[in-house]
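Note that the chains take the letters A, B and C in the order they are written out, and that residue 1 is the start of every chain.
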Amino acid sequence: MSKVKTGFLVLLGLIWLAPVYLLIVNASKSVDGYDAKTVWKPAGFSLFANFGDAWSKAALGDTLVATTMYSVVAPVLAVLIGAAAGYAIVVLRLKRGFLWFVFIFGGTIFPLQMILMPLFSGYANSGLYDTRTGMIIVYTAISVPFSAFVMRNFFTGIARSVFEAAVVDGGGLFRIFRSIYLPMAGSALAAIFILQATFVWNDLLLGLTLSQSESVRPIMPALTGLQSTYGGAALPTVLAGGLLVSLPTVILFLAAQRFFSRGLALGQF
Amino acid sequence: MAPLFGLPAAGVVALLLYLPFLWTTYVSFTDYDGLASPVWSGLANYKAMFSDPDLIGALVNTLLWVAGMITLPVVLGLLVAVLTYGHKWGTWLRLPFLLPYAISGVAVGVIWGFVLQPDGALGQALGFFGLPGAHTGWLQSGPGNTLMMIVATTWQAAGVNALLFVVGLQSIPTEPLEAARLDGADGFKLFRYHLWPQLRAITTVVIGLSIVGSLKTFDVVWVMTQGGPGTSSETLALSMYKETFVLNDYGQGAAIALFLSLVTFAASVLYLRYQLGDAREQG
Amino acid sequence: MQRNNRKALAALVIAGALALSACGGGGAAAPKKGEDKPVDSLKFYNDKGGWKDAFTQVGAASKKDVGVGMEPVGYSDSNTYTAFIRSSFRTKEKADLFTWHTGKELQDLVDQKLVAETTDQWTKAIADGNIPEQLKQYFTFGDKQYCVPLNAGYWVMYYNKAIFKKAGITQTPKTWAELTQVADKVKAAGVKPFYQTNILFSFVWFETLLAGKDPDLYDALAAGKAKYTDPGVVEVMNEWKKMIDAGYFSDPGAKTEPQAQLKNGDVAMINFGTWFSGNLNTLKMKAGTDYDFFVIPNVNPDLPKTSMIFETGPVCSAAASDHASTVKKWTDWWVTPQAQTAWANSRGDLSFNPKAEVKDPGLAQLNKDVNGYRLINRWFEATPVPVANKALEVFGAFVTKPGDPMPGLQKIQAEADAYWAKQK
């Protein structure tokens, strides 16, 4: 029966990969060889040429350092801040914990487009506009609600006795957080980090609105410049660009897999 | 001492998310075009909003999105997580579902655009297998276009949910599971009585996030149909965007934004209260 | 514990109130004019992210010619860009140079005294023959001019030469009747004659048909002096419907870019602006060999001049800019033939300056002949935003499933009535 399980997963996985196949095949077609009627058929392998084209047209190199910084620092901060909040609410039994939780989680309900312009004004007036610090702060802020939510719920699954024993053993609240709860939450922290790092990496609107210099702007605003009616690049180049900027996040997902490989075999299905 | 741990989170969220939104709330009661100063207009924007027939359509589409996103990607994510959990090649079998989320929005929008266009990739595939519907314009009329876009979003969201469910599964202590298995519980029984109850906390996360995410859905629709043809696939988030950024009626857009946020808030709080009310810390 | 919570909350609220007053309160007065500091490079904000290379080339040219460089700051999303510029006037990020849109969008800025006046520059430029007089009205409010032109695009009919040859077409059409014949021949050869889309450019055929039939009605409609429900407009919609039903148009839902459709032979002719040449060149198509264009003949053959739809965008400067003298130096250079030659050729397009030396011979000819046409401002710029927004929705639905045009036209007119009533 486990063969059926595996078979089913493989089939579903292949269907899921179909759009990725389309992406790769069409990003590999040469600029004048693309034909909308045969999107399924591969035709030539100009993938690297198209990569190069997208890279130089969109000046992707300049934005790489900044975007990497944002995608690493902000999620790490958010993970820690969210975990601390979860710890406070669940383990330390913060008074009116549910209210705190709702307040923090509530940060994620605001449609991003609507807070863009006031955020821009605030940033411009406080000097944070077009600074890397400013970008990191805002990326951290939008990642915190998700992080707090996951961590809060994760911590509810840890037995209270763990905390009680640690207190008895003698140890400050911060030390307990750092040396007991954080390590236990390995896979949750990794999941939050990966998902938020990807989100920050793929962000377009915040980068477009809150920055303008090439050394501060993240990678997506640069990439979307390729795709415009008024003289953008040809479709294979646009796709190649999209694929190129996805590579780091794909590698991230691959590398982080080991956090999620622990598991109990569930036996016959 | 405890509040100190919670303060960074509350503080950064309050300053960068709540504060701009307070401004937006203020603007919703004014007449504002982004240039001149806002002029107080009381409930005018709200009255206009509720008497607009297009808004009912947008509301219906938005509800479709919610219904779609709390079912399809959640069930698929759970299925993938449970089937791959502990599987010898689990990590690799899960990969195809995670990859879509890692791919940039630009590429995703373009691919699904030409998958779903008339005689696009989907049409060509159907034609190849001799199945009906090869020349359908999937995005050309509602509610079909909304449904297809939900499918496109599921493509990305299922993997995220699967990842979260795996996290949840990994936090289940293994000894009781082993014991149950030795006792003869197998497959579906194991799932139903030993796994599912312990997944409650993470399921809350998944569905809670899906509710919020579906109400805020914007990018996919904007890239694929811009709410069209006509307004057949428009959602509340799109209406809000159009009023503010296209029509420069910031007041009207802010009113819709506030309405949408209140709905999202109410839905999530109700859901969370219900879920977390009787699932306080165990043990 | 509770006291700490309350203190923390109070601190947050106070901080919030302070921050709110800082970010929200600055909107009242028009910004003060800053001191004028000459600089050697200006930032040029634009929503044409795809033209980055062209802008950079021009920046190098201006540095060489007048010692002032130009650095483009591109936004790929037009709506975000507009919101950004609107917000920027109240901050220190106000733009020295930025692209904008003619029509109400520019009027809004003028009314709030946010853009720099350029009347003297215009007078000189027209006298020198650098800007055609016909363009002046679009940059004029009250009796003054604001901004200078960024570009001029004329809307023509591009066609695939190979398909024309296959269909046995030897001459480009000079009348509407001939155009219909050409379309029939192309259809007979198994290719869709005209391109059409239901997103963004769904208005193209509406404007072509109306401007070619009754340009006076077109202008009146744009100014709110005629109604969308007038018989002349209804006639145009029905004509359009007939053409769609006759199979003259490509699938409006197709997401393949127009230049790819023309190249692959999915469609034979595309009605677009002259900037489209740049798009075709990206696909390695050659002007004159693979593609060419002709001027679209009037639907109504009795009109005195051929209607030529054109679009022009302004380059503006914030009125309170700190670099006014440098901006003036740069914009003075911008309108010269030398600058315009560089600009036009960097994109493979033509220029608003008839004296610019455009490389592409077809475009160069068009550039010179401009004054022989009746210039019609593109519908998108000529129509007020709320009306255009509603109309785009209606047109998009119409080209997908054409039916009785009246309900849609009534919806558009309702928006128009509401809009023009507010303007009184």
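As a convention for this text, a residue touches a chain if its C-beta (ideal position, glycine included) is under 8 Å from a C-beta of that chain, and two chains touch if they have at least 3 such contacts.
Please read all numbers here as calculations on a predicted model, not as lab measurements.
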| item | value |
| --- | --- |
| Chain labels contacting chain A and also chain C | B |
| Pair of chains joined by more contacts [C-beta pairs], B-C or A-B | A-B |
| Whole-Å gap separating chain B and chain C, where each centre is the average of the chain's CA atoms | 35 |
| Chain centre separation in whole Å, for chain B relative to chain A (CA means) | 15 |
| Residue numbers of chain B (touch at least two other chains) | 1-3, 10, 14-15, 18-20, 23, 34, 110, 114, 119-120, 241, 244-245 |
| Multi-chain contact residues (two or more partners), chain C | 1, 5, 19, 23-24, 80, 83, 87, 200, 254, 256 |
| Junction residues of chain A, two or more chains touched | 36-37, 94-95, 116-118, 122, 204, 224, 227, 235 |
| Of all residues in chain A, those that touch chain C in their complex | 31-32, 34-37, 57, 59, 94-96, 116-118, 120-122, 124-126, 129-130, 204-205, 208-209, 212, 221, 224-235 |
| List of chain A residues in touch with chain B within their complex | 1, 5-6, 8-10, 12-14, 16-17, 19-20, 22-23, 36-40, 81-82, 84-85, 87-90, 92-95, 98, 100, 102-119, 122, 137-138, 140-142, 144-146, 148-150, 153-154, 156-161, 173, 177, 187-188, 191, 194-195, 198, 201-202, 204, 220, 223-224, 227, 235, 238-239, 241-243, 245-246, 249-250, 252-254, 257-258, 260-269 |
| Complex contact set, residues of chain B against chain C | 1-3, 7, 10-11, 14-15, 18-20, 22-23, 26, 33-38, 110, 113-114, 117-120, 137, 139-141, 225-232, 241-242, 244-249 |
| Residue ranges of chain B in contact with chain A within the complex | 1-6, 8-10, 12-21, 23-24, 34, 80, 82-87, 89-91, 93-108, 110-112, 114-115, 119-121, 124-125, 128, 155, 160, 163-164, 166-167, 169-171, 174, 177-178, 181, 186-188, 190-191, 198, 201-202, 204-205, 208-209, 212, 215-216, 218, 237, 240-241, 244-245, 250, 253-254, 257, 260-261, 264-265, 268-269, 272-273, 276, 279-283 |
| Touch list for chain C against partner chain A, complex | 1-2, 5, 19, 22-24, 26, 45, 48-54, 73-77, 80, 83-84, 87-88, 90-93, 200-201, 254, 256-257, 259-261, 263-264, 266, 275, 278-279, 282-285, 347 |
